[in-house]
Amino acid sequence: MKLTKIITLAAVAAALPALALAQDGPTGPATDEVKWILTSLLFLIGGFLVFWMAAGFAMLEAGLVRSKNVTMQLIKNISLFSIAAIMYYLLGYNLMYPLGDWAIEFYFSGLFGSVGVLESVGVGYDAVDDAGYASTSSDYFFQLMFCATTASIVSGTLAERIKLWPFLIFTAVLTGFIYPLTASWQWGGGFLSEAGFSDFAGSTVVHACGGAAALAGAILLGSRIGKYDSAGRVVPMPGSNLALATLGTFILWLGWFGFNGGSQLAMGTVSDIADVGRIFANTNTAAAGGAVAALILSAVLYKKPDLTMVLNGALAGLVSITAEPLTPTLGSATLIGAVGGVIVVLTVPMLDKMKIDDVVGAIPVHFIAGFWGTMAVPLTNDGAAFGTQLLGFVSIVGATFVLSFVVFLILKLIMGIRVSEEAEIEGLDMAELGMEAYPDFTRS
Amino acid sequence: MKLIIAAIKPFKLEEVREALTSIGVRGMMVTEIKGFGSQSGHTEIYRGAEYAVNFVPKVKLEIVVKDDMADQVVKTIEDTAKTEKIGDGKIFVLDVAQAVRVRTGEENDDAL
Amino acid sequence: MKLTKIITLAAVAAALPALALAQDGPTGPATDEVKWILTSLLFLIGGFLVFWMAAGFAMLEAGLVRSKNVTMQLIKNISLFSIAAIMYYLLGYNLMYPLGDWAIEFYFSGLFGSVGVLESVGVGYDAVDDAGYASTSSDYFFQLMFCATTASIVSGTLAERIKLWPFLIFTAVLTGFIYPLTASWQWGGGFLSEAGFSDFAGSTVVHACGGAAALAGAILLGSRIGKYDSAGRVVPMPGSNLALATLGTFILWLGWFGFNGGSQLAMGTVSDIADVGRIFANTNTAAAGGAVAALILSAVLYKKPDLTMVLNGALAGLVSITAEPLTPTLGSATLIGAVGGVIVVLTVPMLDKMKIDDVVGAIPVHFIAGFWGTMAVPLTNDGAAFGTQLLGFVSIVGATFVLSFVVFLILKLIMGIRVSEEAEIEGLDMAELGMEAYPDFTRS
Amino acid sequence: MKLTKIITLAAVAAALPALALAQDGPTGPATDEVKWILTSLLFLIGGFLVFWMAAGFAMLEAGLVRSKNVTMQLIKNISLFSIAAIMYYLLGYNLMYPLGDWAIEFYFSGLFGSVGVLESVGVGYDAVDDAGYASTSSDYFFQLMFCATTASIVSGTLAERIKLWPFLIFTAVLTGFIYPLTASWQWGGGFLSEAGFSDFAGSTVVHACGGAAALAGAILLGSRIGKYDSAGRVVPMPGSNLALATLGTFILWLGWFGFNGGSQLAMGTVSDIADVGRIFANTNTAAAGGAVAALILSAVLYKKPDLTMVLNGALAGLVSITAEPLTPTLGSATLIGAVGGVIVVLTVPMLDKMKIDDVVGAIPVHFIAGFWGTMAVPLTNDGAAFGTQLLGFVSIVGATFVLSFVVFLILKLIMGIRVSEEAEIEGLDMAELGMEAYPDFTRS
Amino acid sequence: MKLIIAAIKPFKLEEVREALTSIGVRGMMVTEIKGFGSQSGHTEIYRGAEYAVNFVPKVKLEIVVKDDMADQVVKTIEDTAKTEKIGDGKIFVLDVAQAVRVRTGEENDDAL
Amino acid sequence: MKLIIAAIKPFKLEEVREALTSIGVRGMMVTEIKGFGSQSGHTEIYRGAEYAVNFVPKVKLEIVVKDDMADQVVKTIEDTAKTEKIGDGKIFVLDVAQAVRVRTGEENDDAL
């Protein structure tokens, strides 16, 4: 080490020719263009990993609904992603990133309504949109995936009873308007970033936002028929395919490396890649902490460990670390995730007591653990303050909840958002789609 | 002829089948069923909510035999299916008016 | 930092004065070796993503066949990929890339028969095969995956009735000879590339090629027993596991980023990475367009939206954009994909009318949407002309169809290609393999 | 080609100014910092690919157990990975990498007991732990995944009868102590690396190690009730979901590119990326060879080809090439993998004859093919010798087997490691967890 | 003794089971079946092709009871399973010659 | 009334159902079963180990009809289900004491 360093400096001091002498070739940081290339690459890799999360949500949800509603859950998931992709292009991207051009200073982008435009084919470095950042296309690709995630969160909570079309219309509004708007307050340089709110990859901006929309929908929609019996007891409606649910969780876990790691937004320097590495390691250990905590706690509370809680626990761990995956040590990241796991095990039954029927546990995982993760930032990051964190959470979650509630309410009045009782009893697959997910298998 | 209907514990199926074959039973119909009886009714917890398990998986055998074989078949099932634990199952015997083997058209005892 | 900066500037000062003003660190493009490394990396990432598509096809097909034929579909998929890997090494790679050494100028490689050889271990930059491109190993790895894709396409169409061995023998010929030959006409520098045919990532070269082989097989093989009743009406044979089919579609969608993105064939410059980003974004939005179009159109035509059509629609969107994922704007890419989705919804029943039994809809998705994608290139790329596009499509599809037809015919005469009626009725899993895919579940 | 080369040389000779003339920009290798960034990136990509293998094992095992034990297999898989992540942080990482600080020279790290620590946030190049390597965080992330793999191997063999808690406790010991210890002998610079043992990515260090632990467990645990009938004949217990098993195999295959490719431990030079490319290509072709060999051999031996053997064959091919994925040609890599496939088909029944009940075939795949792969290194790598290879295999496998046996024995005495007969007959899902994996489907 | 066979709508199962328990039925066998009847026969579309759905999912109950309980059991099923919509189902009663409880060997009425 | 129980080959179900409808059968219960009989007992190999397949998938039909229709129904099933290959199945006829249509409360013949 020491030796190499000295040589390097020497070499540099004497400018290039000396390089010939340097044992291990040229030294120094990457050039601006290489940095730009590497950061763009980070977004592309991060982006396809976050895209993969859409499949994760689809499998998780398909596995946790009853077999008579699986086809519907699948069509909702692939459709919501597709709609998100289109809406984010049409409205979301520019609404979320005003680039300083505000219609209402720090609150509403002036670019709203203009579609996303990428750099021209074969753009040169002198013509790129931001020479100090990355290609617009890679940034767009990456950010789009975050937008779609919010919609995926909603579909799980409202499963097995919401009508397809109203759900998809809501998805369009959420991904084209609500999320981009609230996200612009932080990531678009809006008032929350001005206030110093700290949410690295989006415990609040993405996850609690999705959770808030889900909560609004769940309240307006009501619980599934038979979920709470006359005596008010909870009637479990077990997921039809826990292998799929587990697969979905692993997919989400994998995608999260891109979700958090890509949010470093730079990979062109030694510090940046080292930080991305920290983020990968912390993200992983937080998920592990959440899973183990849920495993143990569910075993203690219910005698037998509950796989669905372990899955939710791992996800809660991931959501918890998302607000600050960089500054914690491996130890504290594990603990932050573990608290997320505990939260899930305790709040899932709590929601049921409140008769809020969340089919896949998305509210505990994304909303409640998202709150925890957001408030936990100051514990490891001096740059953050509890007050500001609270402000950020309340602003985004509050706005999202109110806007979502209004949209769902309008949809309810105009076209109704819930399927008929017969349809719900028969199952949405046959009643609404005329197509079973597992037609060859006898249902018990 | 008699139709013998028996509900037994699934893991006993193979044993019972072998025993029956050994006494000359040459055919049967086997169905997976949900059994309700004294054994049923313990509770489980799913995502923190308690619920009662009212049905336990059982296997139903339906066997048509000559009248004179009925008792032996009942006895054989009884002996092999027994674990002396609750939920061992039940055996019912009904009269059969007619039997036909589709392949050959043979009737009654010849059809079995 | 500061220190390094000054020195660098000093060093550079003479050469590129302008850069001297650049604020942060060394400036300028990547060196030739860094470019070479980055492009090789693009192939490795693109390659493993396209590999993943093999799993996507396996899941899609396993989900769309009836439960009695799932084991067979799985063994066909993993075997065909493995055989493709071996045949491409033995014959395909060198047949496809003559490197200017033609046996028949522009039509047939002179290297046919020689096996693939990689650069030696620890090769130095001065000894690499192409200092301006990337490592041969990474290129080989990437190209192999494309070859395997063609075979995956065929297996879906011919499912539930073709015998295992004849199918695998055909796979060997397709991946070792037919595809590499026709592909060499374009990507090997053959007559089509000379003619100016434009097919960026292979709507024709890969997808329509696979579709043409599938069509030839479907015609010779005939439809599944009972697929068309006495009155000539179509008798649906629903897929046994739509969750798997949806998973497969998501996997393919993910893999396609590597399929199209990697086909930029360079990542070492700002322009190249920016273009790869464009390709990622366009590929994604085309899939979304295809899915949404199929969702809406199937709902309009059949009252109820059809998940299997939405899945096919997303894939058709991907195939449609594959011929030109770079030049379209996000908007036109979405539309190009949407047309693909429409094509699927309209042509799936059309094929049935023609009594061509395509189990998974591979012909509409890969062949017909592949044609559309190929013809759509001139719409956004001035470098392409309709005539040449048609020439390219007809040449490759025509040759592939004829060659495939002949091979299938020979196999039919020698060993028969179709399972017995009993086997087909009982299901290939028990009849041919003696192994059920879901033995624990009662079939209804 | 030729032209460029000359220019390059000229440019270099005349040092930087001349560069201005070079048609295609600056030349020369990457700077030390860019190398460091690229190698760190290799670890992050390799790491997430190997992480994905945890999902692969989960699906493979969930697919190969009977439906009454699926939930248990899933909870074991996600829990073991999580526990591995925590134990490797608490003990494993520093036990495995003594960095020259030994408590017992070349045998036991002096750092045992200290937790893993990453480089500080935003670390500068002058402060990194190893300027000639990569970020500690990326290295940690990558190495952790290898550790978890060993535990995944064990869970498959012991499925359907081992109790959850004892299994998880064993996992903690294996991942926190046994694997890191034996791995330190080779990868930590211990006596085996001193002796010149050669195991590129861990056929022995990872796979045979996991296989040895599995074997120890299988012997102490005994076979599943009814697996061998009174007459000593094997009673097959078919896997409940071969689609999942196949998915798992594809996932593992994909992850293996990261497993072997990342083990190049460098991506900053032309030679290194070219080697990573070789490794990708060889890894893929070895898997293909294993699958095809198992396909043909199972068809020859049992009349009908056996999908589960093909899956195991592909995995055996991967394990076989893991000890040396770099030096073989594509042809020899294919053959090395094919031998792995043959080994599986022949040894699976052999183990049954010995009444060792290995539910998923992990011992033939990881242990026996691991042995083959290790002994095959000298065939293509002159640097390796059979004697040393044998020494390495025996040392690591021997130590792992003994330590694992002792731990399992202690667990057996203290708390028992096997579920009750009733529980095993009823199925672990209902008996131990009170949760079915597929509750909606009638079991046959 | 009588064997009462009833085909009902699946979602009514729990309700019927509770009603029967409350009148003293202590066991039954439940099977998932495909029902064919007046209710059957609507059409669906799959990938653009119309097809008739000839079977609807039903649940079959098989209950053996003492002769004197039969009528009450039939009545109870009738009342609880009724939705007055087509497809409510059917109840059939057959004579049972013999019944045995496997666990104890008890016979006939004692076996129920 | 008679209860006609038939075990047939699964792929014959649709054909049999149509034939029965054409002769005026207006309802039936269909169950997937595992059949044991002369056809059973071939062996397969799984991962190198031989095992006997003792059960073959069959479909069980249960149809209750007026006494005077019974013979015709039996005949129809016999004719349509026959392939003359082993495993075609069996038909059994039992007496039914009572029938009820849940929706209307109609009894016996009116209930069918």
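Labels for the chains are A, B, C, D, E and F, by order of writing; each one numbers its residues from 1.
One rule holds in what follows: contacts are C-beta pairs under 8 Å (C-beta built on N, C-alpha and C of every residue); 3 or more make two chains touch, one makes a residue touch a chain.
What you see is a predicted model; the values in this text were computed from it and never measured.
Asks: So if I look at the partners of subunit E and the partners of subunit F, which chains show up in both lists?
Replies: Chains that touch both subunit E and subunit F, as defined above, are B, C.
Asks: Over half of the residue-numbered contact pairs in common: that is the test. Which of A-B, A-E or B-D passes it against D-F?
Replies: It is A-B that repeats the D-F interface.
Asks: Counting in whole Å, what is the centre-to-centre distance of subunit B and subunit E, each centre being its mean C-alpha position?
Replies: Roughly 18 Å separates the two chain centres.
Asks: Between subunit A and subunit D, what is the gap in Å from one C-alpha centre to the other?
Replies: 30
Asks: Can you check how far apart subunit C and subunit E are, centre to centre, with Cα atoms defining each centre and the answer in Å?
Replies: One centre to the other, that is 53 Å.
Asks: Subunit C to subunit F: how many Å between their CA centres?
Replies: Result: the chain centres lie 48 Å from each other.
Asks: Could you check subunit C for residues that touch two or more other chains and list them?
Replies: 11, 28-30, 34, 45, 238, 241, 247, 304, 306, 308, 434-435, 438, 441-444
Asks: Residue numbers in subunit F touching 2 or more other chains?
Replies: Residues 31-32, 34, 44-46, 94-95 of subunit F each touch two or more of the other chains.
Asks: Please list, in label order, each pair of chains that touches.
Replies: A-B, A-C, A-D, A-E, B-D, B-E, B-F, C-D, C-E, C-F, D-F, E-F
Asks: Residue numbers of subunit F touching subunit C in their complex, please.
Replies: Those in contact with subunit C are residues 11, 32, 44-46, 57.
Asks: In the complex, go through subunit C and note every residue touching subunit A.
Replies: Touch list, subunit C to subunit A: 3-4, 7-8, 10-11, 22, 24-30, 34, 38, 45, 49, 66-68, 238-243, 246-247, 249-251, 253-254, 257, 261, 267-271, 273-278, 280-281, 284-285, 287-289, 291-292, 295, 304-308, 310-311, 314, 326-327, 329-331, 334, 438, 441-444.
Asks: In the complex formed with subunit E, which residues of subunit A make contact?
Replies: By the definition above, subunit A touches subunit E via 425, 430, 434-435, 442-444.
Asks: Of all residues in subunit F, which touch subunit B in the complex?
Replies: By the definition above, subunit F touches subunit B via 2, 5-8, 31-38, 54-55, 58, 60, 74, 77-78, 81-95.
Asks: Spell out the residues on subunit D that touch subunit A in their complex, using ranges where they run on.
Replies: Of all residues in subunit D, those touching subunit A are 15-16, 28-37, 40-41, 43-45, 47-48, 51-52, 54-55, 58-59, 62-63, 70-71, 74-75, 77-79, 81-83, 85-86, 89, 115-119, 121-126, 128, 130-132, 135-138, 140-141, 144, 164, 241, 244, 247, 432-443.
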